[in-house]
Every structure is written in structure tokens, then in C-alpha cells.
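Accompanying notes for the structure given below.
So that you can tell them apart, the chains are marked A, B, C and D in the order they are listed, and the count of residues begins at 1 in each.
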Amino acid sequence: MKRVAVFTSGGDAPGMNACIRAVVRGAVYHGLEVFGIRRGYSGMINGDIFQMSSHSVSNIVQRGGTILKSARSKEFMTPEGRAKAYDQLKKFDIEGLVAIGGNGTFTGATLFFDEYGIPTVGAPGTIDNDLYGTDHTIGFDTAVNTALEAIDKIRDTADSHDRIFFIEVMGRDSGYIAIQSGIAGGAEMVMVPEVLTPISEVIETLKSGWSRQKSSSIVVIAEGEEAGNATEIAEKIRAQIQSDIDMRVTTLGHIQRGGIPTAYDRILASRLGLGALEGLMNGEQNVMAGIINNELVYTPFRDTIRLPKPISEDLLRMVKILSV
Amino acid sequence: MKRVAVFTSGGDAPGMNACIRAVVRGAVYHGLEVFGIRRGYSGMINGDIFQMSSHSVSNIVQRGGTILKSARSKEFMTPEGRAKAYDQLKKFDIEGLVAIGGNGTFTGATLFFDEYGIPTVGAPGTIDNDLYGTDHTIGFDTAVNTALEAIDKIRDTADSHDRIFFIEVMGRDSGYIAIQSGIAGGAEMVMVPEVLTPISEVIETLKSGWSRQKSSSIVVIAEGEEAGNATEIAEKIRAQIQSDIDMRVTTLGHIQRGGIPTAYDRILASRLGLGALEGLMNGEQNVMAGIINNELVYTPFRDTIRLPKPISEDLLRMVKILSV
Amino acid sequence: MKRVAVFTSGGDAPGMNACIRAVVRGAVYHGLEVFGIRRGYSGMINGDIFQMSSHSVSNIVQRGGTILKSARSKEFMTPEGRAKAYDQLKKFDIEGLVAIGGNGTFTGATLFFDEYGIPTVGAPGTIDNDLYGTDHTIGFDTAVNTALEAIDKIRDTADSHDRIFFIEVMGRDSGYIAIQSGIAGGAEMVMVPEVLTPISEVIETLKSGWSRQKSSSIVVIAEGEEAGNATEIAEKIRAQIQSDIDMRVTTLGHIQRGGIPTAYDRILASRLGLGALEGLMNGEQNVMAGIINNELVYTPFRDTIRLPKPISEDLLRMVKILSV
Amino acid sequence: MKRVAVFTSGGDAPGMNACIRAVVRGAVYHGLEVFGIRRGYSGMINGDIFQMSSHSVSNIVQRGGTILKSARSKEFMTPEGRAKAYDQLKKFDIEGLVAIGGNGTFTGATLFFDEYGIPTVGAPGTIDNDLYGTDHTIGFDTAVNTALEAIDKIRDTADSHDRIFFIEVMGRDSGYIAIQSGIAGGAEMVMVPEVLTPISEVIETLKSGWSRQKSSSIVVIAEGEEAGNATEIAEKIRAQIQSDIDMRVTTLGHIQRGGIPTAYDRILASRLGLGALEGLMNGEQNVMAGIINNELVYTPFRDTIRLPKPISEDLLRMVKILSV
């Protein structure tokens, strides 16, 4: 393999730039030519492709977002779109791809390989940490710390006013951000999509806190929670407890996707970027590079797409104990 | 004057603890006895009053929120409530008050003085910076920096995805947080309650940016904006431009009230706390301590309550120029 | 076991408070009585011991340092000192100890057990990450991120002035902080005590960077580096390259020990605090609770004290590749 | 005036990029052509000059350092150097300059104007805040907050170990960073070059604190302090008090120059950049734009160079009161 390309796709995540840098510097180190593709599959189709050098990735390791930009491409989901993409890659003689993204990205790569035989190795880039095949995804640690900083700020206010705060964090299908930021933030309760939490249990926990003179409480809710979003849950609780206690709701929103990546995310992203590139050089195809128990592993896309990633029972138990 | 008390009232703001500390340490320095009242007027009514020493305020200068807690008290707005409060203060022989809060707090203090002759000097504590009689209020600089950090994070994502972001910041009657965080955050447009901004002007600015290949844009909106909240404004714009451009809305919410105070807020709070105390000792009554042009000034509560605080024309002009 | 005590000893580390909280809340949850000992073995000798409740650890999860304070005690290293300590523990009927600290702390605990049979379970609290028996110690992730923030700031200046910066980070016997902050900070070179790095190799790397038009470079040096401290190394290099290139040295120092703990450290500290307590309840003695490959494990003190913790070859290799 | 150029010179300061952006965007807004000069006078001599557009300054408002780089140039201090610089400016038809820097920069600009008649308007860019003619310089607020964050971290450790910390901050001729970070950080004592502080007074303050059971203390020292650097002062004190109290010294160093600029610095830099440009357009020459009492003012370079900037008596008094 002599020429590879790298792109980012799907939602952006802090650390993607550190990952791009590792792919590019790794390629230079190993004597390959390396190209960047802008805006994911959309740029592949439109030929928004350019050669990169060691310099192209100077001074980006600390930046949030992605210098290659990201976009979702409906066109790539059609055979015509993929045909165009293939034509563009041919022009540049690109023989292999490193895709930084999530399952949507990997599904596209699988289709593309079946039709055109161009191999892709993936690196898991998503703040949600919902990918099977790696302990953590790129951007997760930063997102948790961003959510945590917000919780720390809100606790100042909760304590000053004896309030209950319902804080909604990201995680459409996954409670990872909620559980980690909740434990670290000293939340009384965490609600995640993986576990059914009856409203009555939340009420009981809050009441038990009041009986022990807890004057303020924080409930962290993942956006994918079945019982509803934070506002709906707060309404249900207010209706049932019929107290005039001061309840507030806040949704952290898009700040969780951005920001300067933490050390953990930069190192993880560097390892995975290099791991993906070296996997590609060694003949891996249609697999995602991941770190499990501190070892680099490659998991087939069909598994990362198909298999669920369970949430830690240990952490769920800990929330209960730590809020006594 | 031999015995004074300090309390915080209304919404909490970062720097209130530094202000409490300055009142307490100042009192100790000047040989007064000093008391803390918990939960504002509510604690005054209930006698939640305790003596403070230099030690009571150790290691709080850096903390958000208020160690004296804050609450709104409907009871103090009644003659009966104020009578109870007076009885409590009598018990402790308290002769003067330092009130850290906003206009609601100062209105209560004015009524109380008219009835019972206990003088109050105020210190302006509110993140909104909407008080006449001081260039800046305690908590404003921290709130602006918190909003700015959020805007910086969101710009990572906006740039990575070529999006328009509408970001709603706090400021019910005042565009101060919006204008300062907007300029500092490189926003294309800022919408504030003090100035009428037709939707057509926003659209024009955004279109003009696109014509110059700006791929992402940020519009900062104060919550008190007449044209509606951020979601409503985004909807109106989407309806009119009929483009499929990716628009997102985010409301920063309660994180703006909390957090570790900035150096500016800690120093301002220290000056105002000490200034309020020393004013009280020198016979000032029913005035708010403020800093205007770096000088300590006292403004009667009736003026801080009555007079509007205009927003800087200079800054409004600057938004336009800097977004070309 | 009905009564346990917790203390912190040795250098303080961010996350110690989260660990104390987990021990205390865990004890309350399991129906034990729990005591705090101030200033480590010194307070044990002096009887600075007090009962703790769930409330005692409210609102501390986010604070740096240790509310139980820490100290080094020469007296505890004598039989007389330990006899006094035993008498004090007897007074309170304390049957087991959770010690948060490093190898010095664990050595003391081992002697104490041999003489008086009071079992201790340890939790690894030190920013250096130099303890065998756990992937990471409490405080390490925060220290790395603190060092990284400093490196990010210094790179602003290095880039603006085309300078070489030599940055000394903590780690007397261990290069963990150096290697992690160096990779994450995009350093051209990292010097650690575990690996001999000839000065000539540093010079070669720097020169090779210049030949590729790198205008600024960063070298991260662990304080325990054999070739000398950062100032000495910079001097040697300056003497040999005889260039007028602008070189600066900075030693990060004590800021690395403090600060608000990261999410990672708070969760790790909570798991280890709870793990140590539950180990003690289940009959473990003279072992350290650690997390290896995401599993809770107990390692005998004699091993944590005796066995070295090797640095990752993978990471050392990555520095080279990423700085091409 | 149709063509102007902007450059940064002397030590870099956070906010310089926001200032460059305001100059460039302001020039575009007013229909001027605008050029950037790299590495200050050195680049002027070497013709490292390039045209800038609105795009050139996209996404830099939040970055530390200076995208135009900075350097000190001995050659510009010679007539030959300035002759070369003039030739280069002629090539590009540049009629006026905006110089972002300090007194060294302004001295050069004055010589240059006397010889070649090319007018310069300055913007004060230095973290030290030691320039007459403006309340604050660009970078000062960020540097104070950086020093403050460090002090907050160190206090965690000081409190945990009952230590005295001597912290040296930047400020060769000026105690501004020391006094502001000291007050905000709750220091017991601040030593600045503007005021003689006998060692005996420091000792007295520390002893008085101990007598009131203060277990930890922080002394902030400006690097220009006459009594010596932090290490020397600590040694003198240790020699005189003959106590075994634990004393530590830390020098914050270069981290104070870098970092993401605060809101205050970005707004100040924007106002001053725009003010300098518009001054130049209106015929100002050899003056520095400054903000005094929130108004834009222009001060002749001869005054900014000649006149001292006194430190606030108010703040010095406050340190004493707040540390009782």
C-alpha cells in the first residue's frame, strides 16, 4: 500500500484532530503518501481531496472539532454516489482509507468495500461511547468532563438556593456520559436508557435525601431516557410530590461536542489513529481499531454495528451508595 | 455602629462569597462585630443569624454560589414579615446591614428602613449587569466568560459542520452578557432587548456572510430579546430563507450563574464588600456601593431601582465591523 | 467489623476528597461507624480523630487537596509513636483502617499491623502514578491534564517566537506524567527516568525538526531524569549546538499537585475508596485496592512497595512517530 | 490613506490575535487594503509582508500567541536596518502602521517616523500592564487569571499540608499581576517593586496569622521585587524565624504569557485594534490607543515611554484588610 486517505464523518468529537494527526504523521513515518478528504463521504464524492504532509497537522493536536470537517452524505448511501466516490479515489490512486467516525460511517465503508474492494480501517470517533469494540471512543472523556464542569457550576446554584436540578446530558442510546458525569458530579440519581428507572424510585430517592436534610439534589438524565426528556420527567415528579420545592431543568446541549480535548482523548486518539493506519498497512480491512484493557484490538465493522455495548453494573451500583 | 450583618438575596452570582469575605474581614479589621444571615430576608424573619469571624470566611474567595445561601421571600414584602425581621435583628442588636443582591433586595431594604430605621448599604450582585450605579455587577465577568467558553466549544462544531448556531444567553432585560460574549466569541450577529433587530437584518447579515464564503455563523441572542427566544427566531429565519442550511439552537441556561469567579469578579466583589461596609460605618444609608470609572461611588437605592442602564453604542457598532 | 477510620498521608493528590467521600458514604451504606483522622499518622498519634457522617463529605467531591489534611510523620516510624497511635485507636474502638497514600504510607501500615494487628487496606493516592498494582493512581489524570494545559499555553508562546522550550514536569522516579503530557501536548521529545536518552539524541531530533522547517519545539522532561534537570539539560544542549536559537526553560512545579479533579480521577477515587472499604469488611488486610484492566484487584503492600511499574513501550515509540 | 500594515512585536500576549483581527476587519470595513508583517521589525526589514483579507483572521479570536509571530530586532535599532524596512514598505505602498506591542516597539516606531515619515499608531500588548496611557494592556487580564488559577491550585496543597507558599509571578517593573492575583487568590501578603516591603513586615504578618490559627499562608511576589526573587526571600525568612514550618517556593514562569484570552482581553483588544486603525485613518501618528475610564484615548509615544504607571493604593490597602 502506497497511498492512503483519511476522513472524518458523522458528528464531530474532540480528539478527531489528534487522530488525523496520528494518521498523517504515521503515514509520513512509514513512507506512505497520505491524503485528506474534506466533509466525509460527501467530499469523497465531490473530489474534495488534497495531499497532506507532516506540516498539515502542526499545531492541531489541541483543537476541538475536525480540520477535515464532517458531514452526513445521503448520496453515498446510493450506488451512484459510491460510484462517483470510487472514481475520485481512483484519480488519486488511493488504495486504502482510515475513517474516523461511528457506525453510520462504518456501514458506508462496508458497502463500499463490497462493491469496489477498497479497504477501510475505522477509528471510533463519537462522544457517546456507544461503540462495541473499544473501552472508550474518541471524544468521550472530554464530553464527560465538559458535562461535569457544567454540573459543578449548577451545583453552586443548587446549593445556594436549596433546589433540585434535572440536568439532561447527551447520549441518545447510551447512558455513558450520564453515568460518568453523574458519579463524578455527586448526583443523587442518574437515569440512563439501558436501565428502567420508575419515576417512583426517583421520588423515593429525593424524599429520602430530604429526610436526611439534604437541601439540594441533582438528577442527571441521558437524552435517550425512556421516561422522557428532563422537562417531562421534572413535570411528572412535580405532579406527584405536590411540594413547592424549587425544581429547575437544564439541557446541556451542543457544548458537549466541542472543546479542547483532554489528555486522555488526545492519547487515545493518537493510539487509534496510528493503530488504524498500521492495521491498514498490515492488511486489515473493514475493522475498527479499538483499545480494550489497554491493548490495541481490531473488531469487524459487522460486530461494532450489530453488538450492543452494555453499561457497567458497578457504576450503577455506585451511584446508589455514594448518594446516601 | 458596633454590630452589622451581611446577607445575600435574589439570584446567586459568582463572587458573592468574595464579597461576604470582604464585609466580614473588613468588620474584623475595623473592630466591629459581624453576623451572617442565611437565606436573605427569609432567614432574617426566621432568625437564622450567626456570628462570624475571620475564620468563617477562610478559603471561600474562589467558590461560586454563596455560603450564606439565598432565597426570595414573599413574607418580607408584607408589614408582618418585616416586623418579625426587625424583632430578630433587635435580639442580636444589629444596627446596620450589608445586602448583596439586586433591585428586589434594595426595594425590600428601603421599605424596611422607612419603617424601622435600620440602614442598609447594598452591593450589586447579579450576573446580568443591569444595575444603574456601577459599571459592572458582581458575577457579570464570570458569566460572560462562562458564556464565552460555551461559544468557543460550539464554534468547534459549527466550523466542523458548516452550521449556523443560535445561542441564547442570560439577560432578561439586558443585553450585556450577549453583547460581550458575542463580540469576544466572534459572533456574526448579536440580538439584545435594548435594540430592535428586524429578522430581515439577521437574514441579510447571514446571507452576506455566505456570499463571502463564510461557512459557519453564530448568532448570540439575549433571553429578553423581543423577537422571541432562540428557537422561535431560528424558526422564523428558516421559514424565510427556505434553505436547507443546517441550523441549530442551544440555550446555555443555568451554567451561567455558577462557577469559580474570575479575578475581575473577586476583586470587584472585594472592593464593593469593603466599600459597602465602610459606607455603612460612615453613615451611608439606602445606597448601593458601585465602581464607576474605577472610583467607589454610592448611589441611592431609589436611583438604582428607577434608572435604566444603557448598553454601549460602541460595542453594538463593533459587532457589525468585526463580522465583515 | 463495626468501626473503621480513614486518613490521607504523604503528598496530597486531586481526587483524595472523592476517595474519602466514597469510604464514608460506603461505611454509612453498610451500617458501619466511620471516623476521620486528620494529618495522617501524625493525627493518629495525637488523637486528632472524629466521627464522620454522610453530611461530613457533602460537596467535597470536586475539591482538590484533602479535607483530612496530610503530613509526614517521623514519629510513626518509631515503636513509641506506633504505640501511641494504637492507644488512640483503641479509645475509639477502631478495628480497621483505610489509608489513602503511597508506599511510605503502606510501609507504616505494615509495621503497625505486625505489631498491633490492626488491618489496613490502602488506596493509591499520588499524582506520580508510580505504584505497582493499579493502572492509574488517584490524581494522575488531573496532574497530566494540568501539565498539558501548561504545555498548551507555552506552545502559544513558543510558536509566536520560534523558540525551543524545555518543560520540567513532576515524576521523581517515574516518567508517566512526562510521557502522557508530552504525547498529548505534541512534544518533539520526552525524557523519562526509565529510559536513557543521550543528549546527542535530543540534539539530533531538534536538528531534524529544523531541517523540516519546524520553527518551534517542545521537550518535556521528568524531574527524575538522569541527564539532569531541565536547566542543566538546556545548558548542555546550548553548549553543543552553538546556535543562537532562543531556548527557554520552565519548571511547572507545585501547580501539578492541586486543582479540581477530572472526571476520571473522581470516578477512580470513588471506586478505589469503596473497594478499599469493602475489602476491609471482607477481611482483606495490608493490601492496596487498584484497578487493572477495569477490574478491582487487591495487591499486597509488600508487592506495591517492592515491584517496579514499567512505562509503556508503546507510548515511547509513539512520541517518535508523532513528531516527524 | 489606502494601505496599512499591522504587526506584533516584543513579548507575545493573549489577545494579540483578537487585536490583529480587529485591525484587519476594520480596514476591510473602511475600504482600505491591509497587510500583515511577520515577526515584527525583523519581518519588516526582510520583506516578510503579505496581503490580508477578512478570511485571514477567521477563527483566531480565541487563540493565544500571535499569528503574525513576534521577534525582537536589533537591526531595526540601526539606521541601516530602518532604511531596509522603509524600502520594503515602499514596495507595498504602505502608508501607515499599526504596531501591537510595548515601549520597545513604540521607541522603534518613533525613530522610524522621524526618519521616514511613516506614521504608526500603537496598541498596548503586554501582560505586565506597565504602560502609561491605558487602564489595562492586552493580555493582562488573561495573565492575572492564569496566575490566579495556579494560586488556587497551590492553595489546595498549602491547606492540605499546613504550608507557607511563596509564589513568584511575572512583572519585572510592575506589581500589577502580583497585586491582582494576590487579592483574588486570598494571599496573606503581596510584594511588589513599587513599594518597599521590609522582610520584617512579611514575618510579622505571617506570625500574626499563626497566632490566629491560620495553618497555611500564601505570599505572592512580583519578579521585579527588590528584596530578591521568591527563593531568596523565602531563605531570608527561614533564617530569621528559625521555625521548622514547611515553606515552599514556586515560580509560575512562562505559562503566564499564553493561553486562551479572557472575554475582557478579547474585547479590549478588539476596541484597541479598531481604535488604533481608525486613529491612523484620522491622522493620528506616534500615539498609542488606550482605554481610560472606558473611553478611547490616544497618548503620544513619548509619554507612554517616559511616564510611570502607579499602582493602586486602594488595592495595596485591601491586601492588608482582607488577610486579617
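We adopt the following convention: a contact is a pair of C-beta atoms (placed from the backbone, for glycine too) under 8 Å apart; a residue touches a chain by one contact, two chains touch by 3 or more.
Just so we're clear, the structure is a prediction, and the values are computed from it rather than from any experiment.
Chain centres computed from CA atoms place D at the largest separation from chain A.
Between chain A and chain D, the centres computed from C-alpha atoms are 39 Å apart.
The centroid of the Cα atoms in chain A and the matching centroid in chain C are 28 Å apart. Among all residues of chain D, those that touch two or more other chains are 152, 155, 159. If you draw each protein chain as a dot and join the dots that touch, you get one closed loop, with every dot joined to exactly two others. On chain A, the positions that touch chain C within their shared complex are 18, 21-22, 25-26, 28-29, 54-55, 58-59, 61-62, 135, 141, 144-145, 148, 152, 155, 159, 180-181, 183-186, 212-214, 260, 262-264, 266-267, 270-271, 274, 293-294, 314-315, 318, 320-324. Touching chain C in their complex are the following residues of chain D: 8, 12, 14, 39, 63-66, 69-71, 146, 150, 152-157, 159-162, 165, 248, 250-255, 257-259.
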